[in-house]
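The block underneath contains the structure these notes are about, expressed in structure tokens.
We just call them A, B and C in the order they show up, numbering each chain from 1.
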Amino acid sequence: MSLLDVRDLRVSYGSPDGDVHAVDGVSLSIDAGEFVGLAGESGCGKTTMAMAIPQLLPRNARISSGSVLFDGVDLSGLDEQAMRAYRWKDISVVFQGALNALNPVQSVGSQIAEPIRVHDSSVSSAQADDRMRELLEAVGIPSRRAHDYPHQFSGGMRQRVMIAMALACRPRLVIADEPITALDVMTQAQIIDLLQGLSERYNLAMLLISHDLSVLAQTCDRVAVMYAGKMAETGPSQDVFGESNGQAKARHPYTQRLLRAYPNIHRERVFIDGIPGSPPDLSRPQQGCRFEPRCDVAMGHCASIEPELITLESRHLAACHLLENDRSGVQS
Amino acid sequence: MTFELSANEEATAVPASGFLAMLRSIWADRLGRIGLILLLLTAVVALLGPLVFPFNPADVGVDSSTILQPPSSAHWLGTDELGRDVFREFLAGARISLFVGIMATLISTIIGAGIGIAAGYFMGPLDTALMSATDFFLVIPALPLMIAMGAIFGQNLLIIILVIGLLSWPRTARIIRSQTLSLRQRQYVSRAKSLGASDARIIRRNVAPHVMQLIVANTILVVAGCILAEATLSFIGLGDPDRISWGSMLHFAFVSGAVGLGAWWYFLPPGLGILVVVLGFTLVGHSFERIANPRLKGH
Amino acid sequence: MTSELTQPESKADDRVPVLSIEDLFVEYKVKNPNGRGKSIARAVDGVNLSLYPGETLAIVGESGSGKTSIANAVMRLIDASAGRIVFDGVDIVPLRGKDLRRIRPRLQMIFQDPFESLDPRMTVMDTVVEPLVINSIGASETERRELGLAALERAGLTPADRIARRYTHELSGGQRQRVAIAAAMILEPSVVVADEPVSMLDVSLRAGILRLMADMRDRLGVAYLFITHDLSLAWMFADRIAVVYLGRVVEQGSPVELINNPQHPYTKALVSVIPVPETAAIANRTVLTGEIPNPTAIPVGCRFHPRCPLYRERGEPDTCRIDDPELMQIGVESVHQAACHFVVKVQ
């Protein structure tokens, strides 16, 4: 059984202009110890999807249907009290923008130790301290810096502190929301390596959200690409990225075009392609495939009938009418 | 390539079309609505009142039986210590209280905003000099100044307006300066500079419109403060002896012993009047702030 | 209209640069973290760069490299502490007031944040014609309006008259950036400094903006100073790349040369960590440890040596700790230079 099994989740936000259906029927599963990437551009719903799992959505958002099964328990049905038992102990979050998430007037050591003691009152402060130092070393920060304050650290170091905090109570799933976006390329590489290392060392399942497909390609076991609130394509990284026989392995037209928007130094030096137009307005009801207005290989019925996720190979699925004939007999 | 224009961004708040839209928003806000009603009431009282029920200070009572009389059909709010109709006095007092408050606010805002923008935009030595001046005025004690000015120039409305205005602009200046300092760091100001815009133009087109909201919000709240200041000064006897304001009514109520006699009809109306006006401006001011700066609304 | 990727000049140039940065230094005073006194941060520590007419020079670096300070110094948004910036034959560093404003029309900037660089209270039309108004160009408001509409159309914002009436805060990020570009180009500048023009946009929108910039380059002969942290983007878009580290140019050359044959250890590391949507590529990365030092404490000798893999490999040679390497020409192609004691120099 998967550690996390999100089934047909629908999340919408209330707004003065009408409900925005940010996530509209998305399923995703993560096994224990698996490193999964969730990709998409702004407005695709990936952050909403990720924040729905630990029930950390803003007040005007609600899960209208679907389930979030963690170890078989549907988290979406739990009240705040019950949810708190899961947060940080089973599922923790690394937020984007560490500077905003860290308390500027508290030392990093005490901020890391805090969740340890909050979630387990039997732990003594000495034990919490030891664990906190262990965590600092695990994320590459010398433990003598435990008494320093967030502003004394660089951006990359602060992100490491956030990661240490997220690991404080030995969670089984870590959700990292754009953890490297604001960092330098070299620091990004360091943090990504760190996350991978931690995932392996502690057998953590990780859900990494990023708009940067190329980073996900290098680090994740599996990747899921969202578009306009729906899942466009999902599968093992080696089946979604890269090329075989000169052809892109990605099957969904959106994924294919998105990959062409990244300059690839291992290929010919050509001008990148973009995707004309913009994503649809999710406060209005959608008909047919959401990518159709921008798709250059759309067929007649794409605008009126919504495509379902089709299983192409083992665990490789894409939602596109063009792939109907490629449906494999393999159960996903 | 045509673009579908997307729905409004969640960018900085910009009122769609100034004054009327803002009024409507304040009306929609519960507390703001109360404030607007109170101000409307005040406006009616102050503007129409004296026209319909003019007050003649010389219209004193004929004999001692007319002084400090409780409300009756002839005098709806009774009489004062000179036998005059308190109701009419109250209406006349409204005008003076509001007049002084608004005039002082004008002085305060013009000086305060001007200095605040200049200090915040140009920074450096000009900022230091202006802020020193601000600090100087900030620490001047109001009462001694009032007494001194009164002694030299005589006690009249102009002096009161001047004193209140001069003593309240520092607060405005600091607030506006703060906002200007952060605005000038915005990227669109750098961009305007890179286009070759002069400082005057940048202040006029890129800085001032954004401070305007803060200036308006601040001004509304300052009016409340100035009205209260006038009431205080008049109450302790530093007001214009020839003019009736709510503060001076309270003053005379006190010195004539009306309070001791329980002549509530004399001191309650001006007291409540001040309360209503100050409350009105404060509620509207805070409502405006909340609407103009949605981040203050909270979730 | 597709634009061809330009090929760089491979010979030493007899061309005259339209912008020449000579021995540029930019220093800031910063408060010490321990609260006692101030230190001097050398954001730009001796940079020499030439930009030729119609060419695109990318300045690539991480935060703290000084690339943004170079851009701001060129645009005279900050003052250079020393050095010359020669634009169209005139050193613009000492210019002030009216003299400075006179050169502005020919030297424009595109900013990184499309949500911050446009005044949200101005309409699109006001934003686009603002440069004309400020510089008193255009005989009448009608004429300026016409120029504005034309600029919007060239920037792909159609229907121009409908979009012109909108407030900038009503547009999306990509649209705003197009407005910014239209406004920058309306004066037909000779040099445009583009500071991370697409890094805050969705990936699918970047090509559109870059194509627009390339079109402007072809149409107006604009030279770009393209500031970016994304080496692969610079590789794709620029004619030449200069890699900066802690205030100095450590390597410069043509995109192909730099990516295929990087000489400076820093460049090598940067190239190796470029993420590509290719799952196999992760094996050969050189992930440097630590972070860029604070510009208040630039290492003595070669500023990169504390993090340099080559320095460690070669047993920590003294020369790296003592001598500050100069940019030296590598190979036959004169545009390729690197500042490292161990590059193979051309005789």
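By our rule, contacts are C-beta pairs under 8 Å (C-beta built on N, C-alpha and C of every residue); 3 or more make two chains touch, one makes a residue touch a chain.
Computed from a predicted model, the values in this text were never measured in an experiment.
Peer 1: Going by the contact definition above, tell me which chain pair has the most C-beta pairs touching.
Peer 2: Most contacting pair of chains: A-C.
Peer 1: Which chain lies the greatest distance away from subunit C when centres are computed from Cα atoms alone?
Peer 2: B
Peer 1: Round to the nearest whole Å and give the separation of the Cα centres of subunit A and subunit B.
Peer 2: 53
Peer 1: Give, as an integer number of Å, the spacing between the C-alpha centres of subunit C and subunit A.
Peer 2: 32
Peer 1: Can you pull out the residues of subunit C that are in contact with at least two other chains?
Peer 2: 172
Peer 1: Where does subunit B touch two or more other chains at once, residue-wise?
Peer 2: 1, 3, 6
Peer 1: Could you list the positions in subunit A whose residues touch two or more of the other chains?
Peer 2: 276, 278
Peer 1: Sort out for me which residues of subunit A touch subunit C in the complex.
Peer 2: So the residues of subunit A touching subunit C come out as 41-42, 152, 154-157, 184-190, 193, 211-215, 217-219, 237-238, 241-242, 257-259, 261-266, 269-276, 278.
Peer 1: Can you tell me which positions in subunit B touch subunit C when the two form their complex?
Peer 2: Residue positions touching the partner: 1-3, 5-6, 8-9, 11-12, 14, 186-188, 190-198, 201, 205-206, 209-210.
Peer 1: Would you pull the subunit C residues touching subunit A in the complex into a rising list?
Peer 2: 2-3, 5, 33, 62-63, 172, 174, 202-208, 210-211, 214, 229-233, 235-236, 255-256, 259, 269-271, 273-282, 285, 287-289, 291-292
Peer 1: For a test of understanding, state which residues of subunit C touch subunit B in their complex under the given definition.
Peer 2: Within the complex, subunit C contacts subunit B at residues 75-77, 100-101, 104-105, 108-109, 111-113, 115-122, 130-131, 134-135, 156-159, 162-163, 166-167, 169-172, 175, 180, 183.
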